[in-house]
């Protein structure tokens, strides 16, 4: 079989270089072109010496679409539309790891990102896809909007039980490793500022909120509002979302777990833990797994779901590859057999 | 003025050795006797070499009460009552950093700790005291039950607004540094198991729950139930409690902050941050401060309070010294002028 | 091709579980039996939940040799000989990750490990093998003594230049992540004791010293003595050895680098960095690579070599698999295509 | 007694804010003026929220000399001379925490720092002072050059034995916490780049080398050359220097330790550990102590000294205050009673 020619625009961002790492071992793809405006002309292994002798490709400017069957864009919001238009024109598929193809509503996009969609028609040709929840929605669209990291952990953690949740009782307390903040230097990611430190940020105002609510509302069949508070965790990788909600009918924790186990019974990448176990990011890091543990506070009638993923794999590059596999009719798990290390 | 003669029973536990550190510089006390059953006969500076040349006292057996004006007990639950009885008999004051003098209800104690109070009368002679909330309750009792670390961060974070909270909407997501788990070796505190890891533990079943609810119920004048989930944070020190609740009357975040600022206006150790600031454990570590920031999620009508302390200082040894100062009529902040370092 | 049936004795130690992780994806092996005396009857994924749904094999007692083509032993020193004898009797190959088949000299073994070889003849049937240096020594021996982690980083870092070193000028300052201390709970690996801490240990008295000197002496053709000081580094994985020696003839740093580049020109797993680059453990972790950078202090005529590996991969399980590949005539890099992540 | 009026120029750098923390509790000083060109007009507690309610002083421009009895300058090299001239003109004392008053030789300064002394005469009025080694050199000079962090750990670690060291055998392998790199954002101090990472930097080319050799040469009475390699350690604070040298006459490790114990017998801030103990940065952090442990490798005739300090206290702000105490005839340890915490 001819290998799929893959290009990455934004290859030196954190999601970009993670794509390089994962795709280098994908059996059905060929890394064809890497683009980086900041480092054009340099080898990627000069920017990321971990890749030395593994991928020494030279970083190119943005004109790489022609050479590829599929383009991954990993760019700040507002920059992907331009490439989507070009890909569409040339019949090249595109998977966007940024925020530009996640929200259905142009108004919501403008409200949260402060920009307008420049070409609204483009967005009718894309589909948002967390594979475990939305793979049926993929019907050949040329563009896939790859989900955000927090929304992935949360949607997978709430989907099986969303109809059990009492309106307006959902509280989501998420914690993310520092790679979630990306490669750019900033005060809050300067080592002495985040080591031995911990705090929330963008309290109840993070841009992933509308994406979370969009997914949950569709699953629930009515508007779902959530309180979402992210925190910066002094680890490199991983997200843990602790999700709280009251239940609208009597349910035991055992029944709750069965609902989840049943919902995900055919899913390779979602592991519903046994009762008594607790999801821990150490068990998923460097892998495409999402671990979910179920708990129940009887004295307040509140369910508690703990959902954890590696923000750079299931929360970004891994899920994007999973989406690529869907797009090209490959085995969905192809190239994603990463085993989380014990330490 | 004659210095207060202080003894510590359980001096080699984490709270014990933190007491040694803080009391060594207290201007009105004299460290008179340190007891440790595990290390009797050794110098404390052999067990904790940071104390070399600072406190080289030899660790003694438990018979130190006679020599002291006040005894701090820092022991696993169930072991303090014995010493309380002896202190009482000899007219020596006692401050217990363990769990034995925190709960009013013997039934609750038995339910959560699996033991009975052996001498219920003793408990009528003790008082539970978070100074900022309960100092008026101290009326000469010979025993003070020093509060738990999580309950301190939570009670201070909720006290000013507890009457604003809609019943059964309080969710508390707390995160604690690893010293909270104490000195004993355990799998979950083995470095490779908690470094680059994160998870909750004792989900909705932590023993601090009844203590939290006891304090909040008294403040509120009716039974308050909360969902409380602690997490283990890969840092040495500090607790962050992110507290969520719906409000029972319209309130802006500005008004909310004013309520807190007013409530704590005379408190040295509680800093109510400005709107827009976020409480971060790095700003309180190694100090007796509690930092509180206020937030509001308008679209769900939910207040969010972030409260952070150093679990070993304001959450244990520092607060115990604050209580000792109250007990002996000293300036409440005496010996607690620790400035949190910037890094 | 029929897959090689692999058994692991000591599967729940750190090197053991790392073998499980790496061998699970090896294209030519089949994990046939896992043994653990501490956890017999449990699934390995109960002990290491990262393996859930990936390897749920039940841990067995030690009688697994019959079922296997090759046994990896990963045990405290003194326990492997017994299994070596059994393997030999049954024609099963064995790779020992412990210390029992590393030293040629029974006297040295006794001096450093405080035990005697029980069956000296066994040791004549084994070979010590860092593949890049010793693969020619493998001539069908049934037992391979897999090298220690520190000795691997050091031997690879010194081999090309050992004849350039002035006698008795070699100083090796090594730093290892905490997994190097293994799975057993200990005071010095309790999180609050090693986080935000750093110190050497076993100064000039570590058991890897004779193994280091044995390898270097053979390479040099005369007895080589080194000063070796290991340090405990607050990271999970990785070793950095900073190696100092005076040179016995004029050499520029450029020439020094060429000597190394030439020596390792056909080696996949050793990357000799460009001048100006510095070897960093972050670029090799989770992989079988050894990165080496060369430096020279002209004003003291001293060469400085920085050599870094992942202690659990190239320093243990990865190198053991490399040795297994040699033993079975497979492609030496088979199953070891792990790409070090950027973060 | 009238308090000494202290000003800090460069108050928002890491050494500057550490001075603020330590001086806030000094019994004989009054923080009179804080200057920061980057943050003029802001409160220092807005830049460093740990100082909220403790020091809310407004940051000023550089014209603060008139108001003060002593100025601490904590600035990048090349910027302190200007202030030294002004201080001298106005009879204000100055302690420079930067590099400009450390080297005797203008040539060496130019070679390593790429700048010339603008006013050589100024440098005849300053004195370099590690108090334990040089306090006798202070004879009223108006300017003190405060030593660098690495040189402090190394000079204290070598001073007692420098005459025992064989020429050209000294190798110094130092490891520093990330605050040593300062407050400025940089790739190598971006959290995901230095967490779970470790490497040397500026191998045998660090600017502290001439300062180290200057001090050792004076102590030894002849030119001493050393190989010095610093490493970046993933902790916030602390330096560990592992120092190797061959001895020029027979000495046991016990004798070696006695030489050190005797040399430092009257020094409060240097703790010579017992044989068998190992200096660990965790025991000195947040304090002005230097811990030293002695070791000997008999089979190579090499002494090994481990010396550890807190780079921000004994390596910067604490030692600067110690020097201020000398300058003003105060008790040398005044205001420096910081006890290193156990964790």
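Just so it is clear, A, B, C and D label the chains in written order, and each chain counts residues from 1 on its own.
Basically, a contact is a pair of C-beta atoms (placed from the backbone, for glycine too) under 8 Å apart; a residue touches a chain by one contact, two chains touch by 3 or more.
Model, not experiment: these values are computed from the prediction.
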Of all chains, the one whose CA centroid lies most distant from that of chain B is C
Two candidates, A-B and A-D; the one with more touching C-beta pairs is A-B
Between chain A and chain C, the Cα-mean centres are separated in Å by 36
Chain A to chain B, mean C-alpha position gap in Å, rounds to 39
Note: chain D sits from chain A at a C-alpha centroid distance in Å of 46
Among chain C residues, those touching two or more other chains are 14, 179, 192, 195-196, 234-237, 280, 282, 343
Within the complex, chain B is touched by chain A residues 168-169, 171, 173, 175, 192-193, 195-201, 203-204, 225-227, 229, 231, 233-238, 240, 242, 244, 278-282, 285, 295-297, 299-302, 304, 306, 308, 343
Counting only contacts in the complex, chain C reaches chain A at residues 14, 17-18, 21, 24-25, 48-54, 179, 196, 236-237, 268, 271, 273, 277, 280, 282-284, 286, 291, 312, 337, 339-343
The chain C residues in contact with chain B across the complex are 14, 178-179, 183, 185-187, 189-192, 194-196, 234-236
